[in-house]
Every structure is written in C-alpha cells, then in structure tokens.
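One chain, subunit A, links the two complexes that follow: it is found with subunit B in the first and with subunit C in the second.
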Partner chain A sequence: MFDDKRPEELAYVGRSSDRPDTMEKLTGEATYVSDMRLPGMLHAQVKKSPHARARIVRIDTGKAAAMPGVRAIITGDEVDVHIGLYIVDKYVLAKGEVRHYGEAVAAVAADSLEEARAAADAIEVEYEVLPPVLHHMDALKPDAPLVHPDLGSYGYVAAAFTPMPGTNIANHTKLRKGDVDKGFAEAAYIVEREYDCPSVQHVPMETHVAIVQWGKGDRVSIWTSAQSPFTVRNLFCHAFGLAHAQVRVQIPYVGGGFGGKAGIGVEPLCAVLSRKAGGRPVKFQATREEEFSLLPCRSALTYRIKTGVSAEGKIVAQQMTMYWDSGAYADYAVNVTRASGYSASGPYEIPNAWVDAYTIYTNKPYGTAYRGFGHVEFHWAVERHMELVAQAIGMDPLLFRLKNALRPGSKTLTGETIQKNTGNVVACIEDAARRIHYGDLTPEEKERQKQTGWKIGKGVAALHKAPAMPPFTATAVILKMNEDGSVLVNLALTDYGQGTYTSIRQIVAERLGFPPKKIRVAFENDTDRDPYDWQTVASKGLVLSGNAAILAAEDLLKNAYDVAAQALHANPRDLAHDGERVFLRHHPDKGVSFSSMAVGLALPNGNGIGGPLIGVGRYIAQGLSNLNKETGEGTPALDWTFGAHGMIVEVNEESGEYRVLKVASVYDVGRAINPDMVRGQAIGGMMQGLGTATCEGYIYDKDGRLLNPSFTDNKIPTAKDLPLEVECAVVETPQIDGPYGARGVGEHSMISVAPALGNAIQKATGAELTHMPMRFEDVWRALENREPIDNWITKSPVGSCRSAPEARPKE
Partner chain B sequence: MKITLTVNGDRYERECAEHHTLLRFIRETLGLTGTKEGCGMGECGACTVIMNGRAVNSCMVLAAEADGAVIQTIEGEAKGPTLSDIQASFERNHAVQCGFCTPGMVMSVKELLASDPHPSVDAIKEAVEGNFCRCTGYTQIVEAVTELTGTGAKGGLDHV
Partner chain C sequence: MLHPFRYLAPQSAQELAAMLADHASDGKILAGGTDLIPNIRNGVFKPSVVIDVKKLPDASSLRLGADGLSLGPAVTVNDILRSKDARERYPVLCACAHELASHQVRNRATVAGNVVNASPCSDMAPALLCLDAVAVIGSGTGQRELPFREFFTGVKKTALKPGEWLDRIVVPASSAGARGSYLKLKRIAGHDLGIVGVLFVRLGGSLRFGVSSAAPTPVLVDTVTAKDGPDQAAATVLGSVSPISDVRGTKEYRQHMIGVFVRRLLAEVK
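Entry: the complex of A and B
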C-alpha cells in the first residue's frame, strides 16, 4: 500500500522519530510482569528433574504440604492436560516420565518465595532412571529409546506436518523440485559436506514470568511476559476446555522475547496452582538457570548438503537433509523444520532440489522459535557450503554467489517466481562486498597485518527469509479518537523492544496527516480490549499490522468526513483535512475540527450527529497457500527480505584467537519506515548473531545434564565484543503489498552473521570451519587439521565466551 | 534487623531480613521496581545501582551492608519531569529497546561520567561491559555516551 510514494511525498514515514516508550523505560516507570504484585498473591516454585530420562515412581508431597505458608502443591498426575500449537505433545507438569533435565515434575505455591522454595526442596521424588537419547543422530537409530511412545495419539496440524509414530521423528518435511538425479548426472562437480550447530538460549533479560488468577466461576486472568496474547489465550482455552470469553490475557512491558516467548510458557503452571489455592493469584518467575533448562531453547541442527555444479559455476542440483534436534518437545520445532525446509537453499536458484527435513525428539530441553526461525542455523550451513563449493571448483566465492543468486524470473524451491519487486539480493551482496573492500587488503590493512602478525581475511554471506506463518494469518488495528482530536491505537501485536509501535505510529500519522505526537499506541496488550492478532513473530508484524493501521486510518477519516459532510452540508468528495480539522476544499475557512467531532458533533441547537470516531482496519495475508506435503510446492511467503553481511576479521594463526574488525550489513527492507530503528534491529541482531557464531551453546554431560545453565559458563556478547566498526545500509525495493512499501527485518539481522565470520576466517587462514560456534580453540583445531571434538555432549565442558585480546605487535 | 539508608535523597528506616539483598530491599521493601533482576548472580548488571558513588550489582550486596549508605537508583535520575542528560541522550540515540537492562546501564554510564567526563570508546565499553543487553548490540548505547560528551556523532543508516 502506497509503495509508490516518493520519499519527498512523505511527512513521517522514512524519517527517524523518537520511540514512544523510552520515557517510561528510562525512568524505571515502565512496569513489567516481574515488577507486579497483586493483593493476596502467592509465589510459585517448581521441583525439577535431575535426570534426562526417568520414570517417575513416586512423588511424596506430604512433608512439603505441612510446611508453613504452603497453599497449594500440584503434581503431573493431577493435571491431565496437553498443550501445544502445531503438535500437542507437552504436559503442564511431567506425568509418568521425565523427558529432559530440568523438567518440572511438581510445583508449589506459598505465601513467600522462601516458603515456596523450601517446600519444593522438601518434595520427595523417586525415579527409575532410564537411558536417555541425547544426540539427535542417535535418536534415528532403530534401537533408540522412544522419547514419545504415544506420538501417534497426539493432535497436530495435519495440513502442514507429518509425524512418524513409532520413531523419534516428530515431523518430516519434504520438498521435491525438478529432477535431482538428472541434475547430478549433468554436473561437472559434486561437493557434499555436513555442518552443525548446538542448541542455544534466547536470553531475554527478563526471564519468563506470569501471574495467573483462576477466579470463581472459572474466570481466568493472566498477566504474562509473552509475545502473543491471543495465542496464549487460545492455547490455554483449548487445553483447559474454557470458553474464550472466560479468559483474559494482559501483557504489559516485556523484557525481550526473541521467539522464546512466542507461544505459551509458564501460564498454565500458575493457573493450576491458583485454581488449587482457591483462586489466589500465583506468580512464577523463572530463575536464570530455569530459563536455560526449564524453558525452551533453540534447536540444534545437523545439515548435510550435496551440490552439483556445472562447469560454468551454475548450481544444477542440490540435495539437502536437515536433522533438527527438537529436544523433548516439538511444538514449535516442527514448524521451524517446515519453514527451514522450504527456504533451505538460501537466496539461490536451485533448478533441481530435494529436501528432507526431520524434527527429532531427544531427551534434552526443548527447542522453540528463536529470532530467524531456523534460518540462522541453516544459513550457517548454506553459506559456509557456498564458500567451500566455490573453493572446490576454483571460483571466487562472491562471483559464485552472484552467479547463483535469485533474480527476477528465478523460481524458489516451492516454485514461486521472483519478481522485480520481490527484493534485490544481488544489490545487497554487492554492497556488502563493496563496504569491506572485498577481495583485497587496503594499504592500512596490509600495514596492520605486518604490525600484528595476525592474518586479515574478508568474507561475505547472503540471506533470505519469509515470515513463517499460516497462509491465512490475520490481524486488526483499531483507532479511537480522543476528545481533543488525538488518536489512540489498539492492537495486539506486542512491542517487546523491537520498536514496531514506533513505526505503526508513523504509519498512522502519515495516513491521517496528523503529527506523530497526536498518536498514542497503547502499550499494554489485553485480549479483552485489543482486536485479534495472530502472534508477534516471524518479522510479519510491521507488514500485516502496518497495512491494518493504514486501513484503520482510512476508516477513521471516512467516518470523520461523513460527519463533517453533514455539518458543512457538503459532499464528502469536496472535503479535505489537515491535522486539526476537516474543511471545504473550495472554502478552506469553512470547516469543522476533529476535536468537535471526536465523540459526536453537537450542532448549535444541541442536536447531535455522528458519535465517537473510531477506525477499524482488518488485514489478512493474501494469495498464500499450504504447501503440497509431497513436493513442497506452493506459496508460503508473505514477503522475502534479502540481505548480506560483509565481515573483516584478523586471526592469530598460532592460537586461533580472532577479532572482528568490521561488519557491514545490508538488507532490502522495501522502505525503512524509521531508519534509526532499522539500524537498531540491524546491529542488535548482528551482535546476537555474533554470540551464536563465537561462543554460545548448550553443553551436556553424558547423562544429559546441562552443564552451563548460567551466565558464568554460557556468556552472551558484551560491549567489549563489539566489532571495531559496524555499518548498516538498506536497499529499498518497495514491497507492493507492504505498508508504504516496507517489509520486515527484525530477524534477518541475525541470519548469516556466523557464516560471514567463518568465511572471513577461512579467507585469512584456510581453516575450514563446519561447526558453530567458532570458539578460539575450534579455529585452532581447524588450523591444526584436527578433527572437531564433540563439545556438546561431554564430560568436560570446554570453551567460553571471551573478548579477543587486542592484537599486539610481534615481539 | 533495622537499617537506615538514603535512596535518591530520601531517608528510609526499615526492617529487613538479614538474608535479603539490597536489590530485593529496593524493589520489595521500598517499592522502587525500576532496578531489575536479570540473573541474581552478579553477572548481568540489570540490578546496577550507585552506592556511595560506586556502581554495584545490588543483587550481590546484602541490604544489611547498605546500612548508612547513600544509594541512587534509576528513579532518582530524572529531575522532576525532565530527563537527565544521560537519559535524553539514550532517547535521542535509540539506546533503548526492551528497556530491561536500561536502568542498570544508565547507572553504569553515570558512574563513568562522574569520574571521566570525556571517556574514550574503549573506556565506555569497559564501563558497561558488566551490563548485558540482548537487544541493542550496544552500538547505540556507546553512541549515546559519545554524542553526549561531544566525542562522537549520532549513528546513521545508509541508503544504497
């Protein structure tokens, strides 16, 4: 919508604008669920499994129940409720069997946190320890224990997923395009490699937290730190058999999500405790350790790619096999698998393609959505693979990428034809390369290399992603005019830091022609008040809610014009407006103010016309389809956001230490509604991507106990890990059905950071890294030509996040 | 036990449990919830407050240790309805996203600027190294400080 507007025609869109939430956040006034206390509120704690897989023989809550302050204790046997969105495979509390280390087997609500903790400690659980299946490749073996023997009885979305009962495979996504056998037969070169990456944590600074009150008459109120209020409500109502009108979900400020709060989390646990405690509100906040082990993480991946290339360097066939480790539950992981499956090649044209993507159960903490929804992980493989294939066939990796990049007329894996307006990955790749002076070292870099003895290398990696969502995903926005002519915006898309509300405000301001200061977006979401939104995920928020906001603004204006036309005895066609009033175009001095019409216009004689001015905008994704489950054919993409990173790194070849000198990131965002915020998303995601690339990852002992569930042993990047130089740029190929031409970029910044780094390290040193993260010792091992060790299931944890020391002159 | 301390210029005399941290005392006893808990183990810096002129992780200080102390939290940073220079620069430079690390981050920057009014970029990174931020990638936070102290400019997005 309005994709063809030129920048000079726009007053607010395309220009930076302050965020509406900074005042509250900078003063400490912003209230998060972790700050909330309700009258009579109880505090919950959980008893967690110390085993990766065990049968629960007996739970004795007698001692705990007699302790002071304890108001409710609950075990899995009392809650026969499965919860899930795509595949309904998880109990509220473990029942019969525990499936991962840290899983909750019982919960307590007490007057104080200390009393709850003491009571949880006093619960006695007798386990029969069973052999766990830890590595996802082991889980595929015929004799592997089954994590979910009852898989065949679970509900799932049949249009999209294919569970395989009797195995550990929760879903098998297939894609078949062209004739791979013929393609490989015609190929001049065939290169096959395998890549992997471990599970990692989202690390929102506010851990998962909820307060739930299960009131009399089964009226349930939920306050939660979550991304998607309507998904929480819908899944909650399905699980407990409640009417939607009985359940209210409220989301105040949220301290980060990154996908980890996309679905339903700790709300059901609080709810069953509140119900048992006679309706007193119950609060549960995960400790940081519980955030790592009780709550979900990102799935690990092993990705095998076999590529056939012509003598001229064109990819002619590619076979792609993804093995996703979903951990103990696969509710979201099955959809990560599906979305990754249909995007599996990266932004390249593959005429003959064959994809098998498996979601595999193991006895580990479970995977869920994480910024990028699988694309961070599989682009690690794809973009390292492009580099290694180029090397194998003796072609420059940048040229190889450009030769195979999607262009207008190219067909994606699912058969969609790329249009000129789809976006321009070629421009992104070329600009990222230009910004790092790809291919050569500058005189300054040569001098630096001479001074330090650290080798400088440059790499590029490209990326693409479409929102992973049902083809009929919908949202709505409601505008309400206040008495003074200002406007309140209600929507259930949440803003947990990414800044979408700032952009929505600019879009509403632009379409209404009102200054942004007259527009307020209501920050606290409420399913009793806000119109429906599917979920705040997938980088779809700006596009879908932005379109709904435009339509709502148009509806509001139409309603205002109708009243003004009556008041002015004019045809609505002859009216115009500014930020204050509606007037006759041919007699601008004759008009009526928005404030006088806001809650109904009173005529001089006291008669009223109109009524409170509101505007309703509804939007549903258009023209998308389910994918054929055998071939993958269909139209899954609301839009494709393309991008590329260029990276310069210096590496100490003796020790494997390295330092990132520069990152240049370029995305085709269609239109940057707010350039400062695009940059914030770009740099924030890039740094999160560097965390994944350099140091983060779950480490287990051989029995499946998580060894590093803390910031001491599982660090995230700090300010000292910043590259010396960071550049962000946008290409703007307008999205025809995006608001003012925009498309999403929230997740994309995190994708392909890791392979850009890996490619740069390879260029500097020749190290062929295929495992992520790339800790210094991993680089050293690659340089020493030693086999990578399996760091992720081990008795001795190795590696930690640390800043590279400043490169020193050679002694 | 009873402790007496000054927080944001207000004097408080309150009972507190011996095992309560300063963080818990500030949040639960005084009701000043601007200071956040991110890990409770002294790793993430979300709970940073200024105690007797030094930025500390308030989750690692017992309330009892703060008896007689002068404390500043984020609630004492703005003067009346007006943001402080540091806060205003954070706002201008988009140094805030989810906001959960922001109170602690502002406190660390405040301590830095009190001792070094024109810090180098390296000194800024060093000063906030103990404050984890998962959203911003830190660049706009560093820019907020350099723009405020006149050693750098607001960053920008390039259009190809």
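Entry: the complex of A and C
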C-alpha cells in the first residue's frame, strides 16, 4: 500500500478530525451557486412538455418575446448541439419530438425570475400527441414505438457499449463465464425469480443550478452545482466545439449530489441563452418539481435470476437478465448497465455465469448515476434471491451466503481472482449477523413481541461494489506552501458533502508530518486553477486522490529537502523534519524552517535559493483493463469494497405496518482514514437506502405523466424514521494500493439495505416481497396473498400495468 | 413570489366584510398561509387580493370560558399544543394537532385554516367533529353559528357563503374531559398527509369516530354504541365512509386499515 505503516505509527490517519467546512456550513457563510448573483445576470425558465411523447408541430414565441424584461428566447430548432458522455443521444432542447413528460422544449432568459416565468407560460406549443412506450418491458415488444429511431447514427464509446439500432435497446452488456448449460444440468435445485424496483429521485437539498456567461470571443465562464468540474468542461467543449482553454468551470460549495450532478446538467441551457442574450450571465435553478422530471432520476430495473444449486448448497450456475429502464436518454444508464452487468451476482462465486444486461429506452424522465450506480437496485434482487433460494433448498440463508461468498482464490464474474488483501466479505457478514443476534430472539425481544403483538424478524444481506470508471482514470493533487509554512491543497475532486476533504487533509498531514490545522483544502473548485480530476463519482475519490495526495506530499518534502540541503550544506539523506523545520539528523539544532523556505530561501547575504515550495502528485489507476464485449472478461475493479447489513424489524401482521428496530452495518474499508466520516457515510447511506426501500418511487399515469413530482406524494425519510438502534463497524483488510490501506465506502452504505429489510420482514411474517418499495400496503398484500399493486405506471390513478413477460429479446 | 397580489390587513370585522364584498371573486383569506401560499405558488389559486385575518382584534385569542374553548382564526396548531387548557381539558384536540404536518408547519398553520379548506385529510376536523365544536361564522350582516357536523359539504367545500368567514371555533364545555386517541397511517414517521386517519373519542357514554382521508369530507360516526363489538363497530364506521384509490393507497387497503384502527382504538381507549 501507499505509505505502508502500522496503525500505531500513524499520528493523524485513523483518528477523528474536524471537517474543514463545518463553520462555513453551520453559520450559513458557505456560498452555493444558488446564492450567487452576478452583475447583469438574467434568469432562465423553461417551457416543459406536458406529454410523454409528441411531435412538436409549432412553437410560437412571438407573444413571449414581446413581454417586459425578456432578453432571449430559444427553441430546439435553433440549437444543433448533442450532449453525451457514453452515448450521445440528447439535445439541449427537444428537437422535433418530445420524449418524456417534463422535457424542455423552449427556454427564456429575462431580467427577473417572474418575467421569465411569465414569458415561458406565454410560449405556445402545438403538439401532435403520439402513443408513448412507458414500461421498459413493453419497449422490447416488436411493435413498440421507437424512442430513438436514429439510434444507429449516434456517437458512442465502442470499447464499452453495444447499442442495437432499430430497437429500443441502447446497450447490451454480455458476460459469459464457464458453461451454464452444464452447470444447470448438474444442479440439484433450480430456482428462477423476478424482482423489480422503480425509478427514484436523488433529492439533493440544493437543486440543479448553474450560471453561465458566454463572453466575448467565445470565452465561456460556468459556475455550477456539479460533482465534476473537468467533466462539465470536457463535455461542454465537445458539445459546442470549443477549445478547452476557452471554458472555465467553477464549483463553489455544493448542496448534495448523490450522482445526480455527475456529468453535465443545466449548463448548456444557460449557455445558449447567454449567447443569445449578448453575453449576459444567465442563471437557471430547477424547482423541486423540475428536479423530478426535467432532470434525471435513477433507472428502474426488472431483474430475472435463475440459479442452479448443488445438493450441498453450492451455486453451480446462474443466469442473470437485467432490464434497465433508461427513460428517454441513456447516456449514463448504459454505464450503469455495464457496471451492474459485471458485478451482477453480488459478492458470491458463480462458477458458470451468463449475464445479459439491457439498457432500454422508454418515454419517461431519464436515468443517471445514483449512489451505488445500479448496485442498490440489483442487490435488492440478488439478496432477496439468495434468501428465497436458501428457503427453497431448506438451508439457513446466512449459511447459504457464507457457503457461496467470495473468498481468497474465488474468481469473480469477469475472471479476476480474489486475493487475501482484496477484502473480507465473510467477516462482514458474520459480524453483521453477530451484532443483531441473528438466528433467534433475545429474551427482551421475546418479551417485546409478547407485549406488542408485532412479530420480530432478523435478516442479513451482503454487498460489494467496485468503482465504475474507465480503466485509465486519473487525478492529480497540488500542494502549495504558504509564507508561514502552512499548506494549501488544490484538487478537482469535489467534496459535496461526503467529507473526502477531511480525509485528504489527514492524509496530507500524515505524510508531511504536519498537524492538520496547518493544512487547508481549498473548497471551491476551478478548472483554471486546479489540477485535473476525472469525476467525483464511483467511491474512487479517496483512493485515487488520496494516493495523489501522498505523492504530492512526498514531492513537496523532496523540494524542501533540496533547498535545506543547500542551506545546511548537507546531503538530503542526512536530513529529517518535523512540523516546523528541516534539520540535520545528527545535529538536530541545525536546521531551517519551512516558513523561511516557503517562497524561496533568502540567505543572509540576500542571495535566494529554491523558490516557492510546491508538491505535485499524479496518480492513475493501475492494471485495469477494458472488458471483452462478448465474454465480459477483464479487470474492471480498482478495489472491491465488501459489506453487510443486519436488520431487525417488527411487523404487524394484521396491517403490514413495520418498524426497523436495529440496523448493524459492517464494511471492509481497508482502513478507516477517519472513523467519523465512515460513520457519517454509513448512517446517511443506510437512511437513503431505507427511503428507497420503504416509500420512494415515481408513479406515472397511463399517459406517462408523473403523478408524484414533489414531496407531497414522493416522500423521503426524515430524522423521525431513523431505526431505534444503529451500529456501524469496519473490518480492516488493508488495500495494498490504497492510501494507508483505505478503500472507498461512499456508496456502499446504501446498497443492500432494502433486501436486509425484505429478508427481515419475511423472517418475521413470511411475507415474500419482490417489488420495491415495501410500503405497509405492499407488506399487507403479500401477507394476504393479494396481487401486488404495480402502480409505478398506472392505467388509472391506481391500477396495474404488468407487461407481458414473454417479451424477452432473443439471444 | 411568482404571482403578484395586493395584501390587505383589515383591523375590524366591518373592514373585513367590506373587503370580502369587494373581492368576492378575486380575493382569498390568509391566516397561516401554509395551504394558501403553496397553492398560489403552484398556480392553483391566482387571487389578486390576499386578505390577512391575523390583524383582526382577538384573532390569536385562545380562551377558556364558560361556553368552552374559543379559538380565534389566527390560533396556530402549536398554540393548541402549548395551551395548558387544551392539554388538560381537551386532550383529543392535542392528539390530532400533534399529528398535523411538522413542528415548523404547525408554527404557522392555523386550526381555522385547516378546516376552512375542507380537505378530506384535515387532521383537526375529526377532533372538532367528535367534540361537537361549533363554527362561529362572521359576515357583514352579523354572526351565525353552525355545528361542524354541518360545516363540510363536499370535496374542499364548506357551508361558508360568499362574504362569510370563520370567525371563531368554540369547543363546548360539555366536551371537556373527553378521552380519545388519533391513529394516522402515514408513509413516513414524520410530516405526511394521512393515507387514512381515525380518531376515537369517549364522551360521557357516547362513542364517536372521526375519520379523515376516507371520504369526500372528514366524517363523523356517532352511531356506534357501547354494546357493539369491535367488528360491528368497524362495520358501522366503514358504512359511513367511501375511500378511493390514489397514489397514497388503494381503496381496499384504506378500508382494511380503518377497520384495524377502529379495533385498535377500542382496545386502547378504555
């Protein structure tokens, strides 16, 4: 590992440390794009489609253009700009056809928000309404309308994706391992089930917002609430054909992202308006309702799993078919599909595996990255399936998991061999189980059950995830020493709440041997000032940027030692340092302070040596490869973070109501750089996971209109929904190439919370749930053996839109 | 604000009556604003005049008198929860108040506002119905009194006529000491509209159920007798409601849960 040290040798890593942003955030001083106003700034509003699919017959902007304060109006016809990262399928504004409810068809910039809103209302759009394709399984039928008839002409990353022109399939990811036919032939049991979950919203506290100024000479300045300054710049330059040096992206404090602010968002819309308004800056901030339908969501999933098991309970073959609902645009969903495809089995060894993962276009708001990047959704299926398979073969589900869990020597779906240092999922599962007294009820629990009449059940679910990123993902960190010997850290990895900067500061402190208070991590990101980082996604930030930070600290020290060696007339090998100075090891009283060297050392006679002290650290993921597009073989994983949740729930069998009594979460984080940050991520992610498990989800009417586009009917949990007891723990199997042994854990806490709950509910009552979320009514229906309500697309306000299961694509 | 309106704050009933007469079609009364302002923001209402009743004399008065507990139109839901008189003599009122929205919303939301909207999911209506509360209705020509059991006339419709306003709510002295409990089925433990809500009140020998979110209006059921068993009681309550299916739940689950809640409440409130 980078900077290999035993825990007891570490001064700052592995301990609590204050967040550098606490004071600004608690006092309200932290400035977000939402707070910003620039001189001459205009406000933008968009005209949105009330239809899921329609031809735009005519847009009349005449009335709107004559309204007071209006400076620019733009429609899709005027903007020939396609945007995308993996598959370039989206225009800035709908052109010719609208593809989902809430899609932008025109935009206005005006002096005030009120004037912009009035003008947007006054834009007249005539539509020819077309029959939409709403359910992703319906979209596979041969006679389904095509959401993108021009799919064959779109650009895409051919090394990773396979669109199927002439269908609604934006990507087909394949994985073939071993011989599944032979495996199934040898199986003593075969269990096949289907699971699904709906689209959900990220709901960051700060909605999407950007200010863009298209300046003279096509120099563009962007201030945005985004996760990845360099990806915003890169995609923006590609879309508009601008040189990278012409575009500057700045990101101040960000009020949450959860994946929804990965890639590019509302920046191009503001840009075209600013250009048309003669270069005045234009601000657009989404309302909460727009956050639900104009901006992207998490894809829905239908996952079919067929498992062959030996008489001894070993999985011998598994066929896995994922149907991902990308909605109207698939730029990010294709990569969710790919990343989920190669992890599709969960943390279990499957000797013979066959995966088909499809990304399917529908006429609904589109999917994007969301904490877990597909793993929350498919682990719901995998970890409920493990429970149901165990039940079908008469084995305890915990034992069944342990028997099939990845261990050193196991091969993953892509053929990677698990090493002793890869991480220990067995330890996570066992510890989570122990923490809830899995297997039986304590005397207190029995007593509680007697008093309340509610049944108590306990469940366990495991998880794994590797960062979904290009195999050559890179980053850099620059350290600059200030005149007083303190250090400024510049990096373009964005801290939008995770706490990564706290850990980066500890890593820099540790490697420099400086107290953390002497180190400042600059919060605002700026592509004109910061070194490159690909994106703040995938739980890769701590590992890649942490390594770059160590290298930057070593570089800074080397540069300081070089100056000190000259000043002290010593060989650099004879030097040592503390937090204040570099000195001779054999004469510690002879030294030179960092502050005197910080901006160049002045010798007594006035001569100068050195120069401002800077440290540069560059790091690129090592040894990863593209995957074979036919077999899925390759090395995609920077690191695997394993984990498990244990859940105790009490359920009222008469009503389906339930309460979560305890969650115990255990992750193999390699090394906890900051146990408080790990705990913060663990509890936050667990609650977000519980939200999607218990109540969240998009509900559409039969025409594809979103029926619950706000917090009125799209609830998310609050502090009152916290389980009565929460335990978080770590297993520490150091990551050999991670900073001080660490690996990422930002997304993992959300994964497998839902199946742990589902498993516990089933243990308590026998209710067999295969749909998310698990509302009280869903539990009641399962207990009563009633048809589940599948109202995520409704024919009437409530109803069923179960699609024909025969509509499966042929291999 | 995305919709401009004039703000008027009458200082007397006469002023209010005159303003309502002038703005019968384009005026809206503002109390806490927790319903009105979101409705304006969402374009549901586009009033050109908003008439604030908080500046009326005694608008915020919460008084215990010989006739009972009297609430002015600006009395907030948290005022009820903070009132010793309400807590000690009308605990049922507090049980419902506590289930309404969140603490922050309850700081603004008024009891009167919660009932004049006549939302089927009003949380205060079941309490006012079960406690025989009376609406004191003001107008330019004087006051009239109407029991709340005659107040709700349809979905979001009340017996208030043009030019009238809810001037005061009186919870009668005869209802003091009533015991009860309110069960509200929600999607999350915090701030939510009810999927269904059932209030059960024992007042003297009389049994009352107030049901929310299960019919076009909040419903009072006072035909259950002490001799009825739990199943009979549930059947009687269900006979008086007509729940629908929507994004919050299906008709059949609402019906089932009303029965569950009736049985649970009969066992809980002895």
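Just so it is clear, the second predicted complex is superposed on the first by the 790 of 811 C-alpha atoms of A that agree within 3 Å, B and C clash if a C-alpha of one lies under 4 Å from a C-alpha of the other, contacts with A are read in each partner's own complex, and residues count from 1 in each chain.
In this text, a contact is a pair of C-beta atoms (placed from the backbone, for glycine too) under 8 Å apart; a residue touches a chain by one contact, two chains touch by 3 or more.
Everything numeric here is computed off the predicted structure, so don't read it as measured data.
Asks: Between subunit B and subunit C, whom does A:Thr712 touch in the aligned arrangement: first, second, both, or neither?
Replies: both
Asks: Which holds for A:Ala602: it touches subunit B only (first), subunit C only (second), both, or neither?
Replies: Touch partners of A:Ala602: none, neither subunit B nor subunit C.
Asks: So, does A:Gly256 touch the first partner subunit B, the second partner subunit C, both, or neither?
Replies: first
Asks: Just checking: does A:Leu399 make contact with subunit B only, subunit C only, both, or neither of them? Give me first, second, both or neither.
Replies: It touches nothing on subunit B or subunit C.
Asks: If we overlay the two complexes on their shared chain A, which of subunit B and subunit C does A:Ile683 touch? Say first, second, both or neither.
Replies: Only subunit B; A:Ile683 stays clear of subunit C.
Asks: Touch test for A:Ala672: subunit B only (first), subunit C only (second), both, or neither?
Replies: first
Asks: Is A:Lys720 touching the first partner subunit B, the second partner subunit C, both, or neither of them?
Replies: Touch status of A:Lys720: both partners.
Asks: Scan A:Ala159 for contacts with subunit B and subunit C and give back first, second, both or neither.
Replies: In the superposition, A:Ala159 touches no partner, neither subunit B nor subunit C.
Asks: Is the number of subunit A residues in contact higher for subunit B or for subunit C?
Replies: B
Asks: Across the two complexes, find the residues of subunit A that touch subunit B and also touch subunit C.
Replies: 712, 716-720.
Asks: Show which residues of subunit A lie in contact with subunit C when the two form their complex.
Replies: 113-114, 117, 654-655, 657, 694-695, 699, 707-708, 712-713, 715-721, 775-777, 780-781, 789, 791, 796-798
Asks: For the complex, which residues does subunit B have touching subunit A?
Replies: So the residues of subunit B touching subunit A come out as 27, 32-41, 43-44, 46, 73-75, 77-78, 83, 87, 90-92, 94, 96-103, 106, 124-126, 128-142, 155-160.
Asks: Touching subunit A in the complex: which residues of subunit C?
Replies: On the subunit C side, the touching residues are 1-2, 4, 102, 185, 187-193, 245-250, 253, 256-257, 260.
Asks: Can you list the residues on subunit A that touch subunit B in the complex?
Replies: So the residues of subunit A touching subunit B come out as 18-19, 21-32, 34-35, 202-207, 253-256, 258, 287-288, 427, 431, 496-499, 666, 672, 675-680, 682-688, 710-712, 716-720, 722, 726-732.
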